[in-house]
Each structure stands twice: as C-alpha cells, then as structure tokens.
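One structure is given here, and the rest of the page talks about it.
Naming follows writing order (A, B, C and D), and every chain is counted from residue 1.
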C-alpha cells in the first residue's frame, strides 16, 4: 500500500514528528484525495502546539493548505460553486465541515458555531483511520461534504496560502462589524490576520488606516499593503502613548472602527479606548484562550460602543477570498507575504519561525 | 422676589440640604418656568450622592420630573412634537440638552455623546444663577432649547415619573441592540431600568423573558409586569447556579438577547455566559463608573457575541415613552411602581429609601 | 396494494377530480409516510386552479397540510429541530424542499429562490410515481430532506392549518421589512395573509394597526385579531378616499410600515401613498402574476421609500409559526379562522368557497 | 448701492435673463455673503427650466456652487465641521436648509423630507429680498443656518463643482441601499449622478461595475473612472438586449445591486430585471416627476427585491464628498469632468449644453 508522510503533533511543545500513514485510495462517495502542494503555518498552529485549545493528540497539523485533486469519490463532480471538478485540478478547501442540522446551523443560522464542527489539521486524531486529515502532509483525504474550491488559473498557490485562513477570517469579521466607505480604521496587530484585515478595510473604502503592532518587518509590510500609518509597539511601548499616537492620526476622538487582530487579552481594553464614542470594535484575534484581563464595562456604556466577536468563517468566505485575490494588487501582495519555504521534514522548523514572528508567512511544500 | 425651595446636594454622602433660591420670573426667549409636581428618585441619584460620577456641587438633584407650565418665554409656543403649549399645561421634559453642532451631534449622529451635553439635576451648579436647574424643587427654570412634551390628559404623573428615565433609557438601549419578535430575553437586574427593559422586551414580542435579580418585592413586580420567570439572587447566590437556572428557562444554549440593567461590573462577564452563541448583550446598567472586573475576551470571539453599550437617551425616546404609556396596561403598571411618596423636605429620606432598595419607585411631591 | 384517494387538478378552471393512487409503503431512506389529517385551502390554490402560475398538471393540490406520521424511512429519527420522531406523531412539514447547493442557496443565502425548489401540492405531477405529493389526499409521501416539525401536544391541527402558509409567509415578510416596536402599521388585505400579517405586527409591538380590505366578515375577524381600525373597500371605494381615511387613523403623514397582502397589482401604487415619507412597504401579496399596473417611480425617490418583496418562506419560519402559536391568544384566534370543513370528496366545493371569499379558512379533512 | 448680476429663470423653457440685484452688505447674525467663483449646471436645472418641478418663478438658478467668503454675519465664526471661518476662505455650502423641528426632522430623523426645506437656486423667488439666493450670480447671500464647508487648500473648485450635487446625492443613495465589498454593481445612467455613483461603488469595493447609458463620450468617461464594462444604449437599443449584455458581464443571475441614475421612468422596470433575485435596487434618478410607467409588482415579490428611494442629501454628505475628493484619483477625475466653462452672461448657453448632453460638466464662472 502507498504511504504518505505527515508532520504530527505528538506532544504539546515538543518537536513535530514525521510519520508515515497508509494511503487508502479506495474513496467513499463524495470523498476526495488531494496532493498537498502548499501548507501554510498559521499562528493558531503555534497556539495548538502550546496546548492552548482543546484538541485531540496526536494530530496532523495544517488547516490552510492547497493542492491538486488526485482522485474523486463517486458523485463528487462539482466544486462548492458548481464548477466541474476533475483530477488534476488545483484546489483549496474550507478547513471545517459543519453538520447543517444542529441548533446553530439551522435555527440560529450561525454555522461557525455548529455543535459538530470539525476542522482539518485541528480536530482529527491521527491515530484514527483514515489518518490523513491535516495539511502538513503529502496527501490529504477530504471527507464527503468538504467545501472544495477550484482555483482560477491565474491564482498561484502562494497567493491563496499566503492569504491563508487569515483572509477568510478577516472577511467574515469585517462583514460582521460592518465597515462603511469613508471610515477611519485602526487595526491592532500586524500578523497575518492584521494584514488581511488591513487589506479588507482598504478595499472596503476606509478613508484612513492605522496599524498598531510589530515587529518592524511586519509594519513595513503593512505600509506596502497601503496602511496610511503604523504605530510600532517598540517605539510606543505603553497603551497611553499608543492612544496618543493613534489619535494623532485618527483625530482626537479616535477611530470609527477598530479591528483587534492581536490575540493577547490586554489588546481589548486598550482597543476600546482607540474607538471614538459610538464606534465599533471587532474582537477577531482572541481565537485561542489566552486568559483574563481587567476591563471597565462602564467604558462600553459611556462610549456607547458596539463590540463584536467573530469566530472562524464559513465556506462562502473562502469564495470571498478567492474573489478578493482576483484583484491583481492583492494577489501579488499576499503572494509576497510568503517569505519562508520549508520541506515537510522541516515542519518543526517552519512552526518555530512563525512562533518567533520572523516570517511574513511560512509555508511547507510537502 | 418670589423664592423656590429646593433640595441640594452640598457634600457627597451627606444629607441633602433644603435651600431657598430666588425665582426670576423674567424669562428669556425660549425659556419656560415650570411648577414641579412630581420628581422621581433615580438610582443614578444615589450614585451621584455617593460621588461616583464627575459633577459640580452643590447641585439640585432631580432629572426625572414632571410638572405644569407656569410661564413661557417669548417664542416658545409649541412642544417638541409641535403641539401648542400654554400656561397650565401638564408637561415632562428631556433631562439633557445637546449642542447640535459638535462632532458627535452633527458628523457622527450620536447626540447622546454630545461634547456639551448638560442635564438638569446633574450638570448645573446651584450656586450659579439662575440656580433652579434640578427637579427636587418647587420650581424649575427650563433653558431655551429644552425638549418639552405636553402630557396626554389620560397620562397621570405617576405613570410618567414611575417609568422615569429608566423607560427612556430602556427604549434607547433596546433600539440599539435590536430585539426580534420571538426572541428569548434575559434581563439582569430588577430595578427600575430592569423592569422598564422587561416591559419593552415584552411589548416587542419576546417569546420568553427571564429576570435575574432581587430583592423579592422587585421580582414580584417583575412577575406582575409579565416576566415568564424570575431568578432570585438570594436563592441562586452564585453565577454558576444562576447560569444553570437561566438555562433551565431559556434552553440549554442560553438567551438570544441579554439586557444588563445591574450596574455592578461583575454582571457583565456573568451575562456573556447567559447568551447563546451568536447572541446579543446590552451593557445598559453601567452608567456610573463602578470600577474594573476580570473577563476573558476569548468568550466574545468564541461565542461570536454582539455587545453594545447605550448611553442615556435622546428626546425622541421621551416621546417613545409617552407613546409606550398610551397602552393602558403599561400606564397602570408603571404608575403602580410608585410605592413611596415624600414631601420636598423629606428629600434625603426619599433618596435613602432608594439607596436601601426598599422602593418600587420613590417620588417627591414638591 | 393499498390505495390513497386524492383530489387532482386535471385541467385549469375545471372541477378537481377524485382519483386513487397506489400507496407504496416501502420507504426509501429519509422518507416519511403521513396520514393527512387536515389540508388547508390556500388562496394560492385558487390562483393555481386558474392557471396563473406555471405548474405541471395533473397535480394533487394542497401545500398547507398536517397529519400523523405513519411510517419513517431508514435514518429518519428526528424532526427538523432535533426532536425524536416516531410513528403516530402529529406533524406539519414545510411545503418546499431546496437543494442547498445552488447559487441562491449557497452563495447568496436566499434559499427561497433556490433554483431547484419544489413544493408539495404545486410542483409535482401526479402522473409520476410516487404520485402522492400533495395535501388534498388521504396520504402523502414526504421526500427525504423534507423539513418535518413535531407539533406540541397543545397545538391543535385547526391552529396550525388555520394559520396555514399565510403565517409562515407573514413571518418571513415582516422579518425582511423590519418592524419596530411602536410603528404605525397599515395592512392592505384582510385575507389569510393579511390577518397573519396583522397578528405578527401586533405581536411585534405595533402601536397602531389599520386593515384596509373586505369583505365585512373578514374585517370583523381583523377587529377580533386586534386591529385598531379597519377601512372597508365597500365603504371607501376609491384609492383617494381610502388614503384620506387611513390618514385619519395614522396621522397626516401616513404609516411607518405598509404590508401589502392583496395580490391585485393596483394595491401597490395605492400603498406607496399610504406610507409616510421614509416609510417601508412590503410587497407580500403578489405571489401570483396578476399583470401590470401603472406607477410613478418618482414617488419612490421623493418619498424616500424602502420597498421589499418577500417570496414564500424557509423552514425556520414554520418553526416560527409553531412558536408564535404557543401564545394562547393566537392559537385560539387562528383556530377560530377555520370556518368551513369539507371531506376530500368535496375538495372542489372547498376550493370554490375560498374563491368566492366566503370562508375565514376552509379545510379538507381527508 | 453695490449691485450683483444674476441669471434668472423668468419663464419656463425661455432663455435665462441676466438681471442686476441690489447687494445688501448689512448682514444679519449668522448670515454670510459669498462671491460665487464657480456654479455647476445640474441636470435638475434643465428639469426646472422645463417646469417639471413645482418651484416659484422668477428664480436665480444654481444649487451647486462654490466661492469665497466675503463677509460673515455676527456669530458666524465656524464652518459646519467646527473649523474657524474667515473672510477670503474658499467654501462650498449645502444647497438646502431644513427646519430641524418638524415631524420628519425630529421624530422620523429623515431631514431630507423636512416639511420646510428650502434650497438655494430652487426654492427662492428672486423678486423677494434679499433676492440673491441662487448660484448663477456674482454674489450669493447665505441664510443663517446654512451648512458652510471650508475647502481644503488642495481641493480645487473644479473638483468640488465637477462632482456637484451628484456626488452628495450618490453618497446618500449608496449609504441607504448599502453596498458590500465584493458586490457586482450595475449603474443605469452615465450622467453626473451615474458617474458619481460609479465612483462611490468602486471606492466601496465593488468587485465589478457595469455602466448602462450614453452618449459615447460619457461612457468613455465611465471607463476612465474605472467601470469594468459599459453598455451603450445606441449599440444595445432594447431592454431585452441590454439585459442579455449586462448578464454577460454580471453572470447569468444579474447584479447584486443596481443603481438607477437615469431619470426616465422606463429605467425602473428595466432595472428590476437587471438585479439578481434577492438583489437591491436604488431609485436615485427620479428626482423630477417624469410621469408613469407600467410595471409588474409580482417581479418585486418573486425576485425578493429590496428597492429604495433616496432624496437629495444631508449636510453630512457634503462633508462626505469633500472627504471623498481627498483621494487624489477622484479629485482629478471629477475636475476633469468639467469640460465646458461659461461666463455668467452665457448662462443660457451653458444650460443648453447640459440639456443637449454635450458636456461632461458645464460650469459658470461668474
């Protein structure tokens, strides 16, 4: 039987193990087998590696991958949008599958909170057959019901993986909080989610964008993306001086909309202050549970804020990302974000590069 | 010169003083002089008395009063809605005046955050002429630009003062958070704001309402208002048991909408948990600054919450309250809330009754 | 083989034929066989009978029926909300099934416009096996994927069929147009959709409701439902006098929201005038194509109107209807709408009663 | 006494008369006297000239002008945004003044429908002192309460007048209908409103824009503005072929949003068909009453459309236009629209150029 190599998280905070798993090519109806061509290392992978979210281990990491269809199970003839699908097609797929039947899927139309949601690279124990449910691998076996998207010919893997789940997440988050053309927008965080949120804000017609974050190479990238100003955490080391500096750019009352893409709890109360009264605040970066922070709820009342969380994304946001990347400017900028490339054997090293915030985007080419 | 008695907050946490002020009957254009017939004691008055909000002292308290027009300044011929206004008319007035010209009034259309907003009974130092700018007084001198509303003949002072600024505040808050017919609604707090929010939720078609609060006499009132269930803080003394009890009523996933009407910071993180995922949370009770609380912002992301603050109200919400009280059921229930009546000389005692949570609603009849 | 009687529309505008069809009790996975206990005659059935919508004939009419589960196909163990489902359960089902995969279902989240939508009693030719796809029949065979809802024990067939698809439709329509507590609402039409829209408007907190329509027995029913006023087409025979009469009730500027539930094209330009400037207009009654009408689009610009159409409903609105009918007042009023009962053999007579606008609601008890 | 020349509409459809009016330099408090530097000829001026809207005559036309402050009345020290205002400042002003007190201003927050709204160049009879209330004049006397905006130094008169009231109108209209980043947008009409709507759609992140209109020189301008495609009325002379051509660009289901900027009633039913089901349609161009058209309201129900009107604009949209033109690309493109310049004496000729659709934008330099 054919085998597939994969990088497995066996134990939190220990190096990933390169393992081999049997590759069952007898597909069930609706399944697909894909050759992984590029797997992005997401910041969430670092949180998973640290053990900050409840997941099964061992697990093959990798939830933002793209590849080529190697085999299609019976009945799987079209991608999510209805385009014909064939072996050899370049594709990307939504990392999660939802049940479509639970309280959240059906009654409350909030499928991101599906009670049975499972995500490739996160929710599947690699000990259980068919094992190959993560992107840090040569092959991935996509379950029936996976939302698969054929990639346009002019959209390179670098762009779609460079944008990663960050762009899907940002599209969902900005859709929720609602950005109006002409808004002044502050983005907290210059990681992949921050830059994706910046791109979405610019494309939505923000009159001014300010990115608060670091390190320097990422702020440089923010400027290349089109940020009107950046505020460096190194140069402005306290919340008080950052508030002052942000207001220098936004006007004395603060931003219409603040997009939190940091992940550290302290960003949230700091961010409330960056909003003008009546402004909007998106809590987008707190995907992992990084613990408590003190805040004063009087601020929400007095500033009459609107605060929203946004969890992950739906398949239609993957389509949104593909359409977003149809614009040449963004297609190129997100591709350019891919600064580090690794082989599958170097998966641990790749993860480490992300953990140390060295990369624009690090990817594995399995 | 004629004089007017008034109850003055001279020093925080000390009894109010009964003072006399000269009553200038020479009105400027647009001004109005009103004989106060009934002044409600608001929970905020207790916060002001404690010194929890930045205000000038001495101050004549009283921002939810009603009375009769004694004299109208030149040019003041109609009430806010355009009805003819005459001496002798029974009226209520919005407590605040906004500038209509600042960044928040004009550009951001958020007049509750007007940079020059001033409120009767709160923002005017009684040392400064014309002194009579609070409701705990025989007479009040209403500035030009005050939003005055003629009361319908069938609307007694007990109803409009019994509803007080709580109903205006609740109408604004529920308008902001948005309640859909059929929603399951939890109200945290059984004080005047909580009961008003309950009334608005019921009238908006909530399928189920649950009030979490105390003391017993107020929960009894909540049931009379039409709450489907009450959860007593005495009977359920911890956040964990309250969550369990609330879910017994709302279903296992929690409420569609939670309306915070408590004022204690700890209500907020507790309330986030009472929401279903994708639910909405209104921070309405944190009008005073009661300090910090710990919370986990990951909850906002993961539960995909919408959290909104709402500050005070606009004149149109006073009109909304008058229209709300046109419904006989609510007109009677809010009048029935007035459980304690005091003379002006007993103003301190009245305030104390509210501070000790003994009253439904306490009022002064000056 | 067991047989089932059914009333079939063989030819437009001719009496329905009572036919017998073989009843295949060998269910496929996910299918259900139900004994129809009550089938409502919808106004749309009259339009179908007249040939005003493109449908296949012959067809077993009946898209608002309820009954008892007789047999469940493999794998069908729960209703749409997740409740356990068993033989003998009293149920109702959504009339339509959508594909969940097309442009409208997936990408635009507008499943009522699904490209492959099919409805019981409308879209299935009775010549084709398994024939029994309409409610005017002893038995109905529900396809896999049908949204089935178990009825609460205290909800009689009279209530759910008395409410019919009209309530589902009204819930969807009012959800789309958005009704705020305190709105003044005019309903054009006093048929089942009009009365259902009235009920939804009242329950949503409308401050005033005015129903324009006829005949007299239906306006009487509107008053029993709780309309504040009715305007009779007989008494006010022109658009001009109706406008005047409506404004007598709504105030000189017109209604905040007008809900069109008539079906005749002329209602629409008339209804635009019934709105205040900046008001909202729901085109709910134009389900059948009843042809053109003249209108002046300048009115939409000048009055700054919001006009919305709403087509049919989604399964969640059937759940909404069941929850709406949990309120005793509405459960009883909708049951009381059922004024005419017929046997299956009298199906043509039942349809005729509806065509002549004689019934509150006519039903068949097969 | 100093005199000011002005171009007056004395009689519908007759040449404008150049008259002289006395220039009273004794300003009342809050008034301002401005030297008109540039006056745009709006398409609405042609409608007014034809007599299609109820206005007083004689009237000095001109509602989209800009100039320099010559004198400020007592108390007028700041512009609408709060910036200090001085003689010599380059300014633009909102054409209308609203009362701020009527049913629409106050209660329904729809100031564009103010019951007492008056607009420079439209609503003031030039026979009545102080006469100078229109922009086709050397001088204009701005009433107290006029919303005046200081122009940024880098914003030339050509840009702001080139954008004219069309940009304000488009900003208001698109704000109302709501455009989401990624929408496919069709604009009906290539006049100044159509091009402004195109600009706003592009800046709001439309994924694709298609302009349907003419003549050729305006479609060429649409392409320069950034339209993805244009559909010429000459090349595609029937609604049926235009529908086919538009769908070739938008995909088979039609546009997410269609912005009507034509003014001819027949555009509206044609436009409904250009929308996808569930799409949105803005009726923006029907400012003048150009009469009736036949339509089928079943289309609104069946396609589940959202149709909105939008009337004129509020002062905040003038600020929006100034901020929009802060983007160099749009500042230049709108300035470039000014293709024809006339002296005040040539006002009739200027109007005629617009009537014959020859101009990008024609302006008067008084």
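Note that contacts are C-beta pairs under 8 Å (C-beta built on N, C-alpha and C of every residue); 3 or more make two chains touch, one makes a residue touch a chain.
A quick note: this is a predicted structure, and the numbers were derived from the prediction, not measured.
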{"item": "Both-way neighbours, i.e. chains that touch chain D and touch chain A", "value": "B, C"}
{"item": "Repeated interface matching A-D, over half of the contact pairs identical, chosen among A-C, A-B or B-C", "value": "B-C"}
{"item": "CA centroid of chain B to CA centroid of chain D, Å", "value": "43"}
{"item": "Two or more partner chains touched - positions in chain D", "value": "103"}
{"item": "Chain C residues within the chain A interface of the complex", "value": "80-82, 100-103, 106-107, 109, 315-316, 319"}
{"item": "Footprint of chain B on chain A - complex, ascending", "value": "103-104, 108, 110, 112-113, 176, 253, 265, 268, 276-278, 283-311"}
{"item": "Contact set on chain A toward chain D in their complex", "value": "174-175, 179-182, 200, 203-205, 207, 320, 323-324, 326"}
